[in-house]
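Letters A, B, C, D, E and F name the chains as they come in the text, with residue numbers starting at 1 for each one.
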Amino acid sequence: MTDLVAPGRFLGMTAGEATAQWVYFGVPMDFTASFLPGSRFGPARIREASYALETYSPVLERDLSELAVADLGDLEFAFGNTSGALDRISRTAREILGHGQRFLAVGGEHLITLPLLRSVVQQYPDVVVIHWDAHADLRDTYLGDPYSHATVLRRVAEIIRPGNLYQFGIRSATREEMEYARAHSHLYLESVREPLARVLPELMGRPLYVTIDLDVIDPGAFPGTGTPEPGGISAAEAFEGLRLLSGRNVVGMDLVEAMPLQDVSQRTALLAAKMVRDALLNIVPRLGGKCDVE
Amino acid sequence: MTDLVAPGRFLGMTAGEATAQWVYFGVPMDFTASFLPGSRFGPARIREASYALETYSPVLERDLSELAVADLGDLEFAFGNTSGALDRISRTAREILGHGQRFLAVGGEHLITLPLLRSVVQQYPDVVVIHWDAHADLRDTYLGDPYSHATVLRRVAEIIRPGNLYQFGIRSATREEMEYARAHSHLYLESVREPLARVLPELMGRPLYVTIDLDVIDPGAFPGTGTPEPGGISAAEAFEGLRLLSGRNVVGMDLVEAMPLQDVSQRTALLAAKMVRDALLNIVPRLGGKCDVE
Amino acid sequence: MTDLVAPGRFLGMTAGEATAQWVYFGVPMDFTASFLPGSRFGPARIREASYALETYSPVLERDLSELAVADLGDLEFAFGNTSGALDRISRTAREILGHGQRFLAVGGEHLITLPLLRSVVQQYPDVVVIHWDAHADLRDTYLGDPYSHATVLRRVAEIIRPGNLYQFGIRSATREEMEYARAHSHLYLESVREPLARVLPELMGRPLYVTIDLDVIDPGAFPGTGTPEPGGISAAEAFEGLRLLSGRNVVGMDLVEAMPLQDVSQRTALLAAKMVRDALLNIVPRLGGKCDVE
Amino acid sequence: MTDLVAPGRFLGMTAGEATAQWVYFGVPMDFTASFLPGSRFGPARIREASYALETYSPVLERDLSELAVADLGDLEFAFGNTSGALDRISRTAREILGHGQRFLAVGGEHLITLPLLRSVVQQYPDVVVIHWDAHADLRDTYLGDPYSHATVLRRVAEIIRPGNLYQFGIRSATREEMEYARAHSHLYLESVREPLARVLPELMGRPLYVTIDLDVIDPGAFPGTGTPEPGGISAAEAFEGLRLLSGRNVVGMDLVEAMPLQDVSQRTALLAAKMVRDALLNIVPRLGGKCDVE
Amino acid sequence: MTDLVAPGRFLGMTAGEATAQWVYFGVPMDFTASFLPGSRFGPARIREASYALETYSPVLERDLSELAVADLGDLEFAFGNTSGALDRISRTAREILGHGQRFLAVGGEHLITLPLLRSVVQQYPDVVVIHWDAHADLRDTYLGDPYSHATVLRRVAEIIRPGNLYQFGIRSATREEMEYARAHSHLYLESVREPLARVLPELMGRPLYVTIDLDVIDPGAFPGTGTPEPGGISAAEAFEGLRLLSGRNVVGMDLVEAMPLQDVSQRTALLAAKMVRDALLNIVPRLGGKCDVE
Amino acid sequence: MTDLVAPGRFLGMTAGEATAQWVYFGVPMDFTASFLPGSRFGPARIREASYALETYSPVLERDLSELAVADLGDLEFAFGNTSGALDRISRTAREILGHGQRFLAVGGEHLITLPLLRSVVQQYPDVVVIHWDAHADLRDTYLGDPYSHATVLRRVAEIIRPGNLYQFGIRSATREEMEYARAHSHLYLESVREPLARVLPELMGRPLYVTIDLDVIDPGAFPGTGTPEPGGISAAEAFEGLRLLSGRNVVGMDLVEAMPLQDVSQRTALLAAKMVRDALLNIVPRLGGKCDVE
């Protein structure tokens, strides 16, 4: 019965867990979402949508099935138990890094970036965080709570070294967040490609962690997300931004806030899946080839 | 400018907060939802939908605008902070009861019934709980957490007096929940009207608290809900069940798990709003009239 | 090029305009709709949906293509110009009746019944109106306007002879409408089949006009409608009600308030189309056969 | 990393492929669909939806995880290559039966029943086919093609022994199909439960194959299907019909025509998944228990 | 009970009716819509969506809650009574202007601009009308009616002074409308930002009325509208166009044709709400600050 | 009854079949679709949507009703019978060309281009194919089948003369397809306007066949399509690309893969309809005017 399909792995992620250089996993947690919840369905639908893509990109001239990436599946959570979930996410990232592997995680909500980075910082204390988002996510607390998708980059800024946070594409923030950003972040309003191209050469050789809130993209191209903010970069600009990461020393990455359930056109999940594919095509070295990090 | 509408109150709830006999409020909390979140939008859409109804019911021959009901608006929460939310809900119910008023609350998720009942039990220690639902909600813990929409009636059974829990319309449960029910609950599978009509005479004069998970209704008639379970009673049976409550000593009530966002037909919000209206038409005494509780 | 389809006629309506006994036409007017407009798209989508049905009914054992019914297409209107539209509808009905034909019209909103009946009354002064609806539609004015989908049966009652209005399935009305109904109408709450079966024998031989607001059916089975009212008869009861009309002297008929645009499942248009088919199978005499009116 | 979920198996199907008594697999083929295609997404969404159910049924008092059922995944096809697909389906069924196992397959479109039955007939020449459907599916050809979802039961009738086809719930057919049915089928219009309860005792001990086109259920409860036909049995009647199969000698089964993509409420996939669960709870003998076939 | 939310006011509009410099109100009228009605739900959904935004814009560096804007709620209408509705809109605008206030109104359909401008012209006879739209709206009559969303700018051109109409972004018109435009309007095809930047300096100091049909934006970014016209400006261009209004002498404004009901992604209402916020941030002077009109 | 509309013809296609220079017809075939089927509904919805447009374009300054275009309706097929369908399509195109007419066909899936071109090549052996698409469609076989929407341009390349295939906007392909393209096609990645403007002068006077897979446009602007590929050109670029065809010797054209059923915003059908209109406004010579082909 060899013609029966084994579903459950992202398209073209053919490496075994032991031999993979990069691992991919889903973090279907969304319980601090403030406007529209549902990103917990992101990982499953992104995996399903990946099968509508090719493993090969004619633009990047690389093939996902030729890279050593393994899909580990999704983490499971007790809904509403925020601290337990954060611990589990952090532990998973630590184990992966401990095996000498790097990871790309998909959410779920943006708060998952905090536990992921906690583990990254232990191994790479001088990590630089590259953050794409519609929202600054720099509040101190949100509705009284310090742990939320709206405070996550503030918490991140507190655990990495000063000056190591770079934010791109921001188009929504409070006055207080902008004041905090002036002191603690390099924040670029509304666009990604142009400021990222300017900044990356200054970071030559530094370990980078990339966190992409997919709502940085215009809601017309990416309608299914937790807090859609009108305006935003095009899908084309997002793909070009990923291309700028090629050859950089990316040590970990996440893509968050895909909420595909209400999108009957399926384009939310498809765009998220293609972002995953192209991110990996850009940042994972070719098998057997030398690592082409600058 | 007297022709400008003041939105924000449920249709026909014309009483002032001070003079009302019953108060109505929304509890837009949904962060322990396990399958499909979004019930936090329930209260706002139910209020909006109420304006498509009449205040008068030709079947019940009563008019909502002739009853002393006030709409207090909605509670506000820090998303993800479960214990803070439960405290706030409990305090609100206690204040209402302390003013000699009774309440009908709309969710939001089913966990809100626990803090509401905590306050009711303080004033009515022998309260009988009438529970309509597709699910037994009698687990001890759910994914490790004792406070969840899936454990809420177990927690309720632990704070009311033994033998005071009656469950109707249940069509989903684990083997363990059914064993618990055999010892601690009067549980009736699949239907509401017939067993309720048999049970209510035995409870003559007792204070009743009614909690209705709207997913007891078939997903065809009520598609927008957190964990739709195929099968279920018809909308007609639900309205007849409410009618059986007429003249009973209902001291508090809630309707939960309406999740209207994904329902472009609007019928989820409309059915929930009509359930609110008909519940109040049946259980609130007419203004100036004597209370006709048996 | 005989394999090119000629769309634009309802399935199986094969008679020519001149030789038809019954004519079918659409009245895509919806500008007095109060809650959800869009019934103007009803006629086109009902025609499109008809092609998913068979011309033959195994339950009724009759075939639409064997009856002399012609589809005339749809009337065209200046939107918002209510009185011009009503005149045009009335004139069309008068012309049809003047040719010795009978008609089935589909809306559009319920107000179209008034001009249709104006022409019917001229030819059949003692016509009896059979009305299925969720709403009594007996207001004197609605938001200050005497011509509205909410007043249409009041206006109808004023132009037919006293005692000739029979209403079925009503589940929404104001107190004032119910008082008016007590004096001027035979109104049956909530059900259609049972009271209709009781009433029809009393009307033996009388000319009947049947007006069906499709919202009489439960919103679960018929979600796309202008003012969906929770509760309602099943699709099965609607089809059985049509069957009771078999062999009666129906001189005209309309089905209104189908609003299929928001219904991605297509079942609104499909149910409306099957109601059209079954209505005609029941009330139109077989070609060449004698008219079997009692 | 034991907390990573392994998706891709239907809830509670825990048996290995080798030791299973029954096997479950998906047949995502839909290329002869005439009105609304998309049932190829059925198997994946039904599996996903199964996780919103319990393995235990409080009504049937049985647990799916205690039965020896294995989920083999889905067949893969070249779209549009009908004959290749039919061969592959037939071969898969033959292999399963050759291992002494029985199967429940989910579609996909109804045409898949033909190749499944071809293999069943080889092993059980006197098999009786129990068919639930809105449509008779007895045409000789459909748009010139003898192999179609609209002709499938005609083809089935031609390969099983005369008198062995029983059809239930039919509400759409042409005059020609009804004539064919009179000679070659036991066809019951509009209902399932009552005629099935009458028929089954006559079939005592005979090998049964059950094919359920889920469009037998009312489109209100099951909106996502290829050719929704207004009217239909309730979900409750469908579950009761399955219960009548308990203890019968069912040797194979399929459920077809679930098309969940356009149904944002998810209830199409949920109802299909619960039908799968309850079918198996009724027809698969308990592990270690004796087979209770009469 | 201070933690109960009082809904019904647009986010951050904190001024009282008496002390406001600008007032905001909704005009939920849509009965002349020709293709897709439903803009009557615009005002309520825009208000609801506003709560997903911040009051502060990091791009404009201004905060809505620091401006003297009051939300008056929505006008109420008799549906279908066009002339009564137009009178009421006109009277409301006149009263506001009579109090020395300015207004931003949201529709509803585009015809509301006519009665609003009738009142504006009485106070500012030399008002210049800045019109953004996909459609020229310059027909003399539409389906026989001179008062329609398709004729509204023609009627406007007739009541303002010659040469005072400027139209931007137009991408649909009849040949007759283009001929009328050549004589009576400054019409710029397809784009807004560039021609607006050229024109505004010529209008230095003149009183401006801005009317924005939101369908000027591409249907990908703004799908919920009455007559979506393929092509159109991006959301980014729309926000930049608003910024050009900063410091101009805008005396009144409207945004029309948002029809958010069918848009499950919520981005129609969100974009409309952000357009309202940014329009006010650009044109309303800061409280206590001097008016910075050139 | 002259006010009854005759639906079923594309807006403004007023020529008779005999006198038309160009004919328009629908090819509602979609049975080789691999990801999302449903394009068979394209022709009907595109025709319906055309009535929301004007016949006149203010940008192109031409009017569709002044051109000699006839709408022939849609072809009818036996679903699943691929070879029969391809024959019928080919025969229709041959008959049209035999009458000295040219055609614009709308799909349906992309495979329809093959039989259309088979007939075009017989008459114009040196035809040049201009192909806009997200996908290269150059596979040799797809899931074992040589005739598929994924192989169609490979088959086309095999029947036209070497070097006559030009592909634009491609953003998805396998490595093998790109190798084939290097040898057999002029393939331009990601954009249409710029490379098309460069290429067209080289093709001066040559007969052109234009095949547009509408998924070349970004899924934000064109969500309803069979295999939506993230990224893509804007609607504006598509219209500008059509304008480049003005005055060229286009002998036939198709637009395929519109799948409007799931798009409640209607913008898929509207954009397809406007593409049809503008294509014809650009390529069909004005009536009575001389043909302005270079």
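In this section, a residue touches a chain if its C-beta (ideal position, glycine included) is under 8 Å from a C-beta of that chain, and two chains touch if they have at least 3 such contacts.
It should be emphasised that the depicted structure is a prediction, and the values quoted were computed from it without experimental measurement.
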{"item": "Set of chains adjacent to chain D and to chain F", "value": "A, C"}
{"item": "Reference chain F; chain at largest CA-centroid distance", "value": "B"}
{"item": "Copies chain E and chain B - interface residue numbers shared by over half, same or different", "value": "same"}
{"item": "Chain located farthest away, centre of chain E as origin (C-alpha)", "value": "D"}
{"item": "Over-half contact-pair match to D-F, picked out of the listed pairs C-F, C-E or A-E", "value": "C-E"}
{"item": "Whole-Å gap between the CA centroids of chain D and chain E", "value": "56"}
{"item": "Centre-of-Cα separation between chain F and chain E, whole angstrom", "value": "38"}
{"item": "Per-residue multi-chain contacts in chain D, two or more chains", "value": "36, 76, 218, 220-221, 261-262, 264"}
{"item": "Every chain pair meeting the contact rule", "value": "A-B, A-D, A-E, A-F, B-C, B-D, B-E, C-D, C-E, C-F, D-F, E-F"}
{"item": "Footprint of chain E on chain A - complex, ascending", "value": "35-36, 136, 170-175, 177-178, 189-190, 218-221, 223-224, 227-232, 262-264"}
{"item": "Chain D residues touching chain B - in the complex, by the definition given at the top", "value": "52-54, 56, 58-59, 63, 218, 220-221, 234-236, 239, 264-267, 270-271, 274-275"}
{"item": "Interface residues, chain E side, partner chain B - complex", "value": "1, 3-8, 17, 25, 44, 48, 72-76, 88, 92, 95, 261-262, 264"}
{"item": "Residues on chain B engaged by chain A in the complex (per definition of touch)", "value": "30-34, 36-38, 40, 76-82, 84, 142-145, 147-148, 261-262"}
